[in-house]
Amino acid sequence: MKKIVVEGLKYKYPMTEELALKDISFEVEEGEFIGIIGKNSSGKSTLCQALVGLVPHFYKGAYGGKVLVDGLEVRSHTIADISLKVGMVFQNPFTQVTGSKMTVYEEIAFGLENIGLPREEMRQRIDEVLKLMKIEHVKDHSPFDLSGGQMQRMAIASIIAMKPDILVLDEPTSQLDPAGSEEVFHSIQDLSRQGITVVMAEQKIEKIAQYCSRVLLLYDGKLVDFDTPEKIFSRDDLKDYGVTAPVYTRVCKALGVKKQRCDVYPVTLEDAELALRGTIK
Amino acid sequence: MIKVSNLSFSYSEKAQSVLADINLEFDHRTTAIIGQNGAGKTTFVKLLKGLLRASQGEILIGDYDVKMKTAAELARKIGLVFQNPNDQIFKRTVLDEAMFGLLNIKMGKYTAEKLAVSALETVGLGDKLEMNPHDLSLSEKKLLCIASVVAMETDVVIFDEPTIAQDDAGKEIIRKIIQELKKKNKLVMTIIHDMDFVAENFERTIVINKGKVLLDGSTREVFSQKEVLNEANVEPPGITQLAEKLGLKKTILTVEEFLQECAK
Amino acid sequence: MTFLKSISLFVDRKSFVHDIDPITKLYYILFAIIIPIILPSFTISAICVGISILLLLAAKVMRKTLPVYSFVFLVLITVVIIQGLFRPGNETVLFHLGPFAMHKEGLLFALTIALRVTNIVSAFMILVLTTKPSTLVESLVRKGMSPRIGYVIVSVFQIIQEMMSTMSTIMDAQRSRGMETEGKLLTRIKAFIPLLGPVVLGSLINTKERAMALEVRGFNSRNLKTYLYEEKTFPYSKAIQAALLVLTIFAVAWRVFL
């Protein structure tokens, strides 16, 4: 089933000259884990925000084309309606704290109170996401007293407690250390395996290569390519789009070693090891 | 250039110490400081910069004792680029922002402007001098902060997570700045989580774990000690891991080295 | 982030005063203000203050009231002195303060004022010291106040705290670039003022991002809102509220008929 359908999406922020998104079309199936890559200001955040309705409802501006999330047309529904289907996690965990709740537990409840969930179910869901994001031990702390990693996981927990079918994340690990971002990627992969559709903009190419089922490459507001990580990172013209392939791919490419029985280069440590094992003693 | 002896720090007498008994000497090698969030890295550079006062121990920068100077006085010797550019930016134009530190250290307006403009050109902001810094993108703001500290030509320059939010182009600019500073014989120090960037750009790496120095040595030496790194929850760069898995003897730090090793 | 706790004066204790719901406490404040207006006698005001102080004692928060009372008394003492010395209509001299005479009329008037102010302050402290701000706002939202206004009120506490911690980071960043922030008071003030710009601007940027984060968490949802916690109820709320009402009516009757 198609969870996300984007057709000829064009968008221009108010007070700007150039289009931020130029005629973008793609489709995402249920349960996929999509990575969005591209250099800065290529439109990654704008595209993420177009999936939850912040574009155009929050910013206004000129909008063309169509975005359907789970059958709902974004343009003709309010952000509150869309938020029941699509959740979004932003880059800065600090500004996602509501500032009106005293504990992590209450903070996660915020969205659930807004959508009018019965108390029993609220508690059940909060307990569940606390466990899933491994922040049970801080549930009674003040949200502002958490470390960056814990705060980011709380932000994700607050969103997935609302049980969206689709989860959009905009560079959710940029403030985290390697161990912290690995944990976040792991948790998100778990969600994706449970059938949630995930779309994530990210600079960490190696992680994208490891976890995503397909990768969407943006350049200058245009969709350049949308394919498996192997296909995308095997492209010869990546440099023109300001993107560098994972080190594993670069090594294999330089040595001319392709993934076993495929016409693409390996993109992960494991695949590179398998492919190179034969050629290097 | 910097000598740290028996340095300890805690936020209050009762609190657990954030740093304990640190002894380090810094020479002209570019140095990366790595370790998990909360390991004490930022506290350490704040102590060097005189923004915090050590509970115990001594820091000498050149012939300055950090304890005897205010942070403002130290500004001539040592520059620090903060992690979050929004904490640093506060002037109305990009040029004013870059000139701010220079004017503070009593430089003439003409020279200050010349130095600021040239620093802004190196980070690619030469055509945005009159813009309001808050209209820049996050990565540009970061580059502006870097430029405004680098322009002060201090002997020591410290970066806190410079590569966050940078794409390849941004990282390339930072790489060039580090090389440039090194050529001028400055000590460059960086707190950083991006191990690939560490492997490609830094001569020396210090691993801080739970307030102590866990490893200290040439970057190659440090990344060869997988088990010890594990203890600090740090993974060697991807290329190093690949080389090790494939049984290469030498610790590999870059793609180029890897290819050279294979060509043998 | 300990100063959050100091911005809100709430003291977390177990007592029956804490158990009373915020709305009833609001009624009590209203009562404490109205009664001395209806019955402007010295004794009635004194009784009201007495009741409030007993409640504060019962709530075990008396220590927290001391700074507030000290501040209020400091202000009131000047009122007492000025009124005692210079109030028009002063006749009966009680005693002399140097070259000035202290009068009975002014002193009595000032004492009445002092008592009323103490009365209102005490009643407010019962509410403020024994109720979490968020609980109070939540009760009001349940009673029909707009959740948006409620959010603004509660978040102000935390946002101020956020601004203060940003402030110290920004200060550090400028010290790092050679701005002198230590030493003489004038230097410190000079250093402080330009910092306000980035603090405010920074929090505006944060506000925009926060607004987006709130939106995607259904802040403007038209669904009927639910609450994580059950409404705080006190078995005798209705009784207390009724008693307060009866007393007020009684006071009015007293005033009119006697």
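For this structure, a couple of remarks:
Every chain is named by a letter (A, B and C) in the order it is written, and numbering of its residues begins at 1.
We take it that a residue touches a chain if its C-beta (ideal position, glycine included) is under 8 Å from a C-beta of that chain, and two chains touch if they have at least 3 such contacts.
Just so it is clear, the structure is predicted and the values come from calculations on it, not from any experiment.
The touch graph of the protein chains shown is complete.
Across all inter-chain contacts, the pair with the most C-beta pairs is A-C.
Distance from the subunit B centre to the subunit C centre is 47 Å, each centre being the mean of its Cα atoms. Taking the mean of the C-alpha atoms as each chain's centre, subunit A and subunit B sit 29 Å apart.
A separation of 45 Å divides the Cα centre of subunit A from that of subunit C.
Partner subunit C is touched in their complex by these residues of subunit A: 49, 52, 54, 58, 78-81, 83-84, 86-88, 90, 92, 94-102, 105-106, 109-119, 122-123, 142, 144-145, 155, 158-159, 162. Partner subunit A is touched in their complex by these residues of subunit B: 36-38, 137, 139, 164-170, 193, 195-196, 233-235, 237-239, 241-242, 245-248, 255, 258-259, 262. Looking at the complex, you find that subunit B touches subunit C at residues 46, 49, 51, 70-73, 75-76, 79-80, 82, 84, 86-90, 100-101, 104-105, 134, 148-149, 152. Interface of subunit C with subunit A (complex): residues 1, 4, 132, 134, 151, 154-155, 158-159, 161-162, 206, 209-228, 230.
Those residues of subunit C whose C-beta lies close enough to touch subunit B in the complex are 166, 169-170, 172-183, 194-195, 197-198, 201-202, 205.
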